[in-house]
Every structure is written in C-alpha cells, then in structure tokens.
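Shared between the two complexes below is chain A, which has chain B as its partner in the first and chain C in the second.
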Partner chain A sequence: MDLAFFGVQLLNGLQYGLLLFLIASGLTLIFGIMGIINLAHGAMYMIGAYLVYDLTLRLGNFWLAIAVAIPIAVVLGLIIERLFLDTLYKRDHLYQVLLTFGLILVINEAQRIIWGGDVHSVAVPAPFDASLQLTDNLQYSVYRLFVMGVCLALAGVIYWVIRHTRLGIIIRAGAVNRDMVEGLGINVRTLFTLIFSVGVALTAFAGMIAAPLTSITPGMGDSILITCFVVVVIGGIGSIKGAFWGAILIGMAETFGSVLIPSIASMVIYLIMAAVLLVKPRGLFA
Partner chain B sequence: MKKIVKQAALASLAGITLVTSGMTVAAEPVKVGLMLPYSGTYTALGEAITNGLKLAIEQNGGQLGGRDVEYVQLDSEANPSKAPQNMSRLVKGDNVDFVIGPVHSGVAMGMLRVAKQSGAITIIPNAGLEAATNQLCMPNVFRTSFSMWQNSFPMGKVAYDRGHREVVTITWDYAGGKEDVAGFKEAFEEEGGEIVEEIFVPFPDTEFQSYLAQIASIAPDAVYTFFAGGGGVSFVRDYAAAGLKESIPLMGSGFLTEGNIAALDGAGEGVLTTMHYAETLDSEENQAFVSAYEDAYGVTPDTYSVQGYDTGAMLVQALDKVEGNTEDQDALIEALANVELESPRGLMSFSDSHHPIQNVYLREIRDGKHEVVDIASEQLEVPDDACKM
Partner chain C sequence: MLHRYPKRVAIIMLVLLAIVATFPLWGPTLFGSQSDFILEKLTLMVILALFAMSLDLLVGVIGLVSLGHALFFGLGAYTLALASPEFDAASLWWMLPLVMLVAAVAALVVGLLVIRTKGIFFIMTTLAFGQMLYYLISTAPFAGGTDGVFIMFRPSVTAGESVLLDLDNPQTFFYLCLGMLVAGFLFLRWLTRSYFGQVLDGIHDNEHRMQALGYATGGYKLVAFVISGVLAAVAGMLAAMQYGFANPAQLGWHTSGEVLMMLILGGMGTIFGPILGAFAYEILLYVYEHLTVHWPILMGLTIIAAVLVLPRGIAGLIIAPPGKAELMKSPWLRRLGRNRPPADIPVKPAVPNKEG
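Here is the complex of A and B:
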C-alpha cells in the first residue's frame, strides 16, 4: 500500500467517521441521559434525507431546504417525546424498546405512503459541486470536505456546551446519576424533552447533509443504526467524547477493513466492540 | 329485463363456444393466480408485471383460449418465509390454473418447493436465480425474464472487443451478485482477458469510497459491476464523483441503472449495460407495446412491464393452441414450451429447461435514456446442463 493510497483511505475513514459521530451523538445523549434505547433513531436519519429531497424539489434550493427541514425535525422529536415516550418513563426498558421499534414501522410505512418506494437522489449543491484531484486518476468531492467541516464544527459546539455551560453540567450529571439530578430540583421532564428533540434533530441533520452523497431509499437508516449502536457502546454510553472517538475508530476500521481484510470486513467493527468490552466493559470513555 | 336479455346473450355466446370447442368446461373462467409483491420495496415491480400481463390478455379480448379470465392476486410481500404458505393457498385453496410469480429469488425457492409437490404450472416473470431453470428443473416451471448469467455473460465479449484486458469486478457479497459477476468473468476470461481483482462489498452496504480508492490505485482498463436499486444509484454517482468514469469505463448488467436513470442525475452518461430489453428498442412490436401501455396506464413501461406482458402473451398463445383446455396438463405444458413470441424485446422462445432464448442488448446511457448500441448476444441460450427433461 503506497502512501497516497493510505492518505486517501485516511480521508475516507475520517469523513465516514465524522458523519457517524453526528448520528451517534444524538443516540448516546438519549441513551445515556434518558435511558431510552431509541431504535427509531435510524428512521429519523432517513426522514432527514427524504425531507431535504422533497424540500429541495419544492423550494429549488438545497440550503433553504435544510433551513426548513431542521425545525420540522425538532418538532417531530418534540411530538414523539411528549406524546409517546412521556407516558412510558416509569415503565421498564422493554416498553420503550417496543415503542421505538413500533415507531420504526410507522415511520417507514409513512415514508412509503408519502414518498413511495423509488430511489431518489439530491444533487450536490453549489458552491461545493467541484472536486479536487487527489491522485492522478482519483478525485475527491469538495462537498465531502464541507461535510467533514460541518461535523467537526458541530462536535466542537456540542463539546463546548457539555463542558462549559450550566446545561452541560446537568447533562453530564444526568448521565451519571439521573435520580440525584432530579433530587437536586432540576426539572428532568424539560431536560428530557430538550435532549430528545436535539438528539433527533442531530440525526435528521446528518441525513440531510448526507443526502447529496448517498442514494435516498426506504429503510436507509436501518443499517446505519446498528453501526451507531456499536459506536455508542465502544465510546461509553452517554459520553459525547466517547461517541466522537468511537465513531472515528469505527469509520477507520470499516474503511481500512474493507480493503485490507475484505473477507472479514463486515465482522471487523464487531470484533473491535468485543475487544473493547473485554478490556473496558463500560466503554472507552464512560 | 335488460339484465335478463344480457344474461341470455352471454349464455348463448357461451353455448357457441361450447359447440365450437367441444368442451364441457368452457363456461368456467381460467383462474390465473398472481403471487407478486404489492407492498414493500418491490411494489413497483409487482405492479408493472401485473399491468403488463393484464394488457396482453386484454388485447386478446380479455380471454384465454376462448374462456374468460379470473385473477387471484396475492401479495407475496417479497417475503421468502411466507412463500410456501402463500403458494399453497393459491394452488390448493383457490385452485388456480396457473401461478405467475415471483419477483424475488428468495421467494422463488419457497414457491418452487410447492410447485414441485403440487405440479402447479408456474411462470416466473422476474426472479433471476440460475437454479430455477437449471438445477431445480421442473416440467411445470417456466421463466419469461432472465437469469443473472444471461444478462452479464455477453458483456465479457463486449469488454474484450473494446480493448479492455485487465478488469476489476465489484458487487455485493450475495448470491445474485456472485452469479452475475461469474457470467461476466466466464466470457471475459474465455476471450483472454484477466480479472485483476474481484471486490465483494458486504450486502447491502452503499458506502463505496474505500473501494473506489482501491480501484483508482489498481487503475484497470475497465470496471464491471453489479449493484441494483439504491446501491446502483450510489455506486454510479460515487464512481462519477470520484472522477473515475473518464479514465476507467464503467460497465454493468442492466439492473445497475434500470428504473433509476432519473435518480442518477446525469452521473450515468456513458455507462454501458447489457440487458434483454431497452425502452428505446426500435421495433414495431416495441413501439406498439409502449404506446398501448402508456394509453392504458399513463406511464412508460420498463423491463418488468415487458416481462409481465410476455407472460400474458405466452398464456394467450398456449391456451389458443389447446383451445382453452386446462385439464390436460401435459398438452398444456407442451403448448407453453413451444410458444414463440414476437415480443417487444425481440424474438423469444424457450429452451428445453423452459428458460427464454432471447437477444441481449448492449445499451449506453445517453441523454438520460438507455440507447441500444448493439445486440451484444443474439438469441442467447443459458447453460442448463443440470436439467434434463
């Protein structure tokens, strides 16, 4: 493997990992702080992609479509949390798993009714619809670099909020001991609504900016959900820092695994998860 | 009063048929069972096949062998685990004369098990698994579509003739992808070409960046690929975005782009595919079919519509031959096996293993359409050594 090839794969791994982080960060927040295993997280990623596809057609502008789609995603999260999850907090985990599993079916079917079963795509938006020459025959889309930049910026913002704001202190405390936070007079209900909406909006946003890079198909969120759970478990449940490094690790492992050891490529991330859990059963950063 | 007159007229009509064909069952409609996906990912395919089939029978006055037709439609949900039970319901519960289905190769396996036990005449209007008309080999099973091999084998020679000597193949790591690539490989190596790398992507991953970098570093003469649906769209777009299309031509079996040209958004221009049909085929039969289909359903037909249409045309021809008699199964199977169609896809007949002998076309995407460049293989028969009937 020559140096250029290695460098290109490093870039691919980083880009894939950063996108995974965006999805996994919402998942780990909801999982760690609310104790909800949100199986419908992947479905919201898909909804993000379909929303931006639909709105780009209607409004004729990708950036405008994103601006409109984000509030829709937040409101969707709000409705799901208030209408459904709110009644189940006192119950066992299994009820929440059942509910969010049911939500996958409902969301997937709603997607089919609204947008049908065809494959769609969104054009790479200006001014990023150019490409860089990486090697003598390989180009790299500038939009991929832009996505990396956005993911890194968002990671920075999330990190700052968690580390340096009062809200961050509550979130961190909540991830460690929820009952104690409630005992200290924090309105957990509002916190939960906020966390869930932001979590859902993050994954939907990931679907939106990923839309020009992928094909928009029914069930596109289902496979990415599994990968994101692996990221969350490796990084440590509830840890944003863990989600970040876990996502980069998995992104690199999938990229290099697929070209260096193709025969077991689909196993690599699970082997890593098993290895991490053997050494640190609570994840790398829990 | 009016109703009675109408019924009397119908009865006398039936009487005429009775006399002319000398049959006792002529008044009973022919029951055609459809086991196709009407929900889920393959809904569009199921509907296109149904539309095509009904159009062909409608053009025959809505009749088969002089008898009216009753359709029994059952949603297969493209679910292999429900296939044996669904098939049994059609064959034993509804007592259909024919079963048309399925779309999905996994469903076909379950269906064909029941077809073997019950002897029900089954016509496969899509599923491309090789075994259906080779290893499984049943006199009562026909196929009007393709096999993975049939669509990919002709590309091997095309690739060699275009001067490509070293080719990388890339597909999903599952039965359909492997059968497809194997067909290409067989022909390409026969000609003297070399497959320098065979890449298998875990199914159904659509993250192709690392493989594209690998292809770029190998820098072969061309790339042969099989992906379908969303994977096909992603691959063709990523391949173009990586700037590879200019230096390394992309070839594939027709399913890479079939039905998805709009979603390719221009990225597919110049991509070569081989397939047993193209909507742009310049024949009288195809033009007549396309306009009849558009009049009836308001949409342009695709490969799946043609497969359904030919299934209907096959039934029309065979039942005319046996004069609507579905009781004598041996005669009916023989009539079906001897069907020859001037299909929208070109001349089509059946091999001893009941698989279509048909043209495979070389198509290039130009201005968002599959333009026919050439006949890649004329009246191609598939290998069926495992099937002796």
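Here is the complex of A and C:
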C-alpha cells in the first residue's frame, strides 16, 4: 500500500467517522438527557436519504431539497416524541425498545409504500461534483471533503452549544441528574422535545448529505443504527466527546478493516467493542 | 415474578395444552387437507414458544433486556446444520448435548462480557454481539453465506438397531417439540421457585441490596444467562429441523425483536405468558400476511398498541382481569385524560408567580 492510497483511505475513514458522529451524537444525546433508547434512529437516517432523493427529483436542486427536507424531519421527530415517547419516560427500557422497534417496522414499510423497494442514487451536486487529482491514477471527490467540512463544523457547533451556552449547561446538568434540573424550575418537557427533534434532525441530515455518496436502499438505516450503537458503547453513553472519538475510531476501523483484512472486516468493530468492554465496561469517556 | 398463579391460569393452560396436543386426532376431520399445514404451523408455534420462554428468564425474571437472543437461537440451528453428516442422519442422542454444549460455551463467553453492563448498555451490547455472529456466519465460507445451510436429514432417535422416534413423521416431530416445551416450562417453573430463582427475583427488585446482603449477583446472572441461551439454542435446533435449513435471518436482530414482541404480547415474568405470546404473534402474523403485503405496518402498530395499552400482555389479563381502574393505568389512556384531575384528588391552589 503506497502512501497516496493510504492517504485516501485515511480521508475515507475520517469522512465516514464524522458522518457516524452526526448520527451517534443524536443517539447519545437522546439517551443521556431523556433516558430513552431509540431504535428508530437509524430509520430516520434512511428517511433523510429518501426525502432528499425524492425532493431532488421534484425540485431539481439538491440544496433546495435539503432546505425543504430538514423541516420535514424536525416535524416528524416532534410528532413521534409527542405521540409515543411522552408516555415512556418513566417506564422500563424494555417498553422503549419494543415501541421504537414497532416504529421501525412502520417507518420501513411506509418507505416501501411511498418509494418502493428499488435502490436509488442521487447525483453529486454542483459545485462539488469535481475530483482532486492526487496522483496519476488516484482521485478524491471534492464532495467528500465538503461533507467532512460540514460534519466538522456541526461538531464544532454542538461542542460550543454544550460548553458555552445556557442551554448547554442545562443539557449537561440534565445528563447528570434530571430530577434536580426539573426541581430547579427548568421545563424538562420542552427540553426533551427540543433534544429529540434536534437528534432526529441530525441523523436525518446525515442521511441527506450521505445520499450522493451511498446507494439509497430500504433497510439502510438498520445497519447504520447498529454501528452507531457500537460507537456509543465504546464512547460511553451520554458523552458527546465519547461519541466523537468513538465514531472516528469505528470509521477508521471499518474503512481500513475492509481494505486490509476483508475476510473479517465486518467483525472488526465488534471485536473492538468487546475489547473496550473488557477494559472499561462503561465506555472510554463515561 | 409471580410464584403462585390463580387457579384459572392452570385450568386455561391445561385446556389449551389438551386442545393443541389432540390436534392430530381432530384436525383432519375438521380441516381436511388443510390439517397438515396447520400441524406444521402449530409445531412452529410450539418451538417459538420455547424460544420466547427462554428469554423470559432474562427479561421477565431478572429484568435484563436482551436484544441479541437470536444469537443462541441461530447458533442452535447452525450447530445442527454444520454438525450433521451430509448424506446421513445424525443421532439426536449426541446432537442435542452438542447443541447445548456449544450454546453454553457461547453464552458463557458473551455473558462474561455483557453481564458487566447494565440497563441500556446491556441492550446495546447484546444487540452488537448478536450482530457480530450474524456477520461472521453470513460471510463465513463454511456456512453457506446468506443462503444458509440445508439439512437433508432430520436427526434419528434410535436405541440399538430399532428406531424409537421417526422425526420425518410430522406428528412424531410435533409431539417431540411439544414434549420439549412442556419439559422446558416445568424446568423454568421449578427453577424460578427454587432458592436460585428467589435470588434472581431479588436482583430484579434491587441488585444493590442483594450485593449488600452478600450475594455475588454477577455469578447468578451469568448462570441464568447460560441457561437461557441453552434453552434458546434447543429451540433453534428444533426450528432448523422444522424448516430443513439454517439461515442467517435466524440470527439477525429482527428475530431478537420478534421474540421480545412475543414476550410482551404474552406477558413477561410469568413463564406461561410467553407461550401464549408466541401463539398470538404467529396467528397475528398469519392473518396480517393474508390481509396485505404491507403487513409489517400492521405488526408495528400492534406492538405499539400493546406497549401503550396492554403492557402486561395476555397473561396480565388472565391473572388480573381488568376493571375500569386497571384499564386507566395504561399510560396512554391515562394521558388522554390527563388534563382533567381525578375527582378524588383536590385541585392544588395555583403557585404564586415569582415576580408577583
């Protein structure tokens, strides 16, 4: 493996890891603050991708499609939270697992009814539909660099909000002791709705910007959900920092695993998780 | 965990057992040519009931929610498929212990890792380990990939030269599965009422207190995890015999989700509930599949409704038939009327405004 090829894989791993972070951060926020395990998180990633596919066809512009799709995703998150999750906060995780599993079945099948079972793709949008010439026979997509930049910027925004704003203080306090925050007069109901909508919007947005890079298939949310669970377990549940480093680690491991040791590539991330559990059962950053 | 059932539970279960067990006698006269198909479905339900019951030991009795129980189910199926000779029938006398041994070792290894985690961590790690085996099997060259492995011959049950049970006969196989289910039920009933089961109960209610009392709770949980895994593997082996193949889907997390659904439909923590849940789930599945190709929507809505309105499942209905008060305990129904304060609680005076 020469250096340029190695560099390309490094960039791919970084880009994939950053995308995973967007999804996993929503998952870990929703658990850390709300105490809810949301299996339907991956399904929202899929919905994001399909929304952008559909809207790009209708509106003829990828960026316009994203602008329209984000509010739709937020509203979907609001509906789910208000209608179903609201009853689950005080109940056992088992019911959360089952209810959100039921939601997966409904959302996946709704996707089949609306968009069918075919595999779709979205063209890489202008002005990023170019490639950088790295060496004579190696190119790198500008759009991938753009995705990386967007993910990094969002990670920065999340970090800033959590570290330096009043909302961030409430979120951090809520992750430590929810009852106390409520006792101090914070409206936890509104906070929950906000967190859930933001989390869903983040994962749907990840699906949207990933759409030109992957093939859009039914069930694409299920596999990404489980990868993100591994990320969250490695990083420590509720920890944004853990989600970030866990996502980078898993992104790299999966990218390099499929290049270097393809025979057991699909197992690598689980082996890493097992190793982390052996050493730190609560995750690296918990 | 409920240690004494009301008498009607025993009556209902015995009547149901009698109806199911005598099906080969009255089925053909009632359903004619359809009865072979129904017997096949019944066999599958009995196997899934054993599977769901094994999960109840973890979820209902200890309160450990596993989303990776299909790991052991699929492991049982694959052990049978890969250990069977290609052109001959294996003997059940060594196949059954082998399946149980493989499952016990796997459950011990996985258990040692996941028992260290709690609550939501346990859910995520069991799910991840289940998927790990799923990917291992579906990409392994020796396991037939996503097509799975076919099993040409069902294992034989012989004593010396004479054939004791001919498992290729659907009726004999049905009774074998039913026998396994009854044996599994009696075993779990005995286990949960034993000293060991009492400790598991204590862990469910308050693990810290049990530790303070000097119980090594991790060891108890690990043993229960292994027992549960072994029972699930036996169910998986029977399922592979029934289908005639082992398939990666049997290992996948959708299977784990489905068995949790059976548990909640039937009512967890009761051991007999999951049996009813498995039957109810399979019947619903059959009906929905015939109604529409988009049956997962109906199944999804059913499970959401069950969580919201019937959290204690069918068993809950049998143990404590709902009055109006019971029904209003449903969190969702209660929510619908939550703006109206209950008549027996006086309305609190408004809190004075901070500024005012």
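Please note the rule applied: the second predicted complex is superposed on the first by the 286 of 286 C-alpha atoms of A that agree within 3 Å, B and C clash if a C-alpha of one lies under 4 Å from a C-alpha of the other, contacts with A are read in each partner's own complex, and residues count from 1 in each chain.
Assume a residue touches a chain if its C-beta (ideal position, glycine included) is under 8 Å from a C-beta of that chain, and two chains touch if they have at least 3 such contacts.
All values reported here derive from a predicted model rather than from experimental measurement.
Asker: Could you look at A:Q139 and tell me whether it touches chain B, chain C, both or neither (first, second, both, neither)?
Answerer: So A:Q139 only meets chain B here.
Asker: A:T87 contacts which: chain B (first), chain C (second), both, neither?
Answerer: Second partner only, chain C.
Asker: Per the contact definition in the header, classify A:V157: touching chain B only (first), chain C only (second), both, or neither.
Answerer: neither
Asker: On the A-aligned overlay, A:Y16 touches which partner chain: chain B = first, chain C = second, or both, or neither?
Answerer: The first partner, chain B, only.
Asker: According to the stated criteria, A:I261 is in contact with first (chain B), second (chain C), both, or neither; which is it?
Answerer: It touches nothing on chain B or chain C.
Asker: Check whether A:V119 is in contact with chain B, with chain C, with both or with neither, and answer first, second, both or neither.
Answerer: A:V119: touches chain B, not chain C.
Asker: Kindly classify A:L57 by the partners it touches after superposition: chain B alone (first), chain C alone (second), both, or neither?
Answerer: neither
Asker: So chain A touches chain B in one structure and chain C in the other; where do those two contact lists coincide?
Answerer: Touching chain B and chain C on chain A: residues 266.
Asker: Can you list the chain C residues touching chain A in their complex?
Answerer: 59, 63, 65, 67, 113-114, 116-117, 119-121, 123-125, 127-129, 131-132, 135-136, 139, 253, 257, 260-261, 264, 268, 294, 296-297, 299-304, 306-308, 311, 331-332, 335
Asker: Within their complex, state which residues of chain A touch chain B.
Answerer: Chain A residues touching chain B: 2, 4-5, 8-9, 12-13, 15-16, 116-121, 123-124, 131, 133, 135, 137-141, 213-220, 223, 254-256, 258-259, 262, 265-266.
Asker: Given the complex with chain A, which residues does chain B contribute to the contact?
Answerer: Touch list, chain B to chain A: 40-44, 173, 199-202, 204-207, 209-214, 216-217, 219, 229-234, 237-238, 241-244, 247-248, 259-260, 263-265.
Asker: Under the touch definition given earlier, write down the residues of chain A that touch chain C in their complex.
Answerer: 31, 37, 84, 86-88, 90-95, 97-99, 101-106, 108-110, 112-113, 222, 226, 229-230, 232-233, 237, 263-264, 266-267, 270-271, 273-274, 277-278, 281-282
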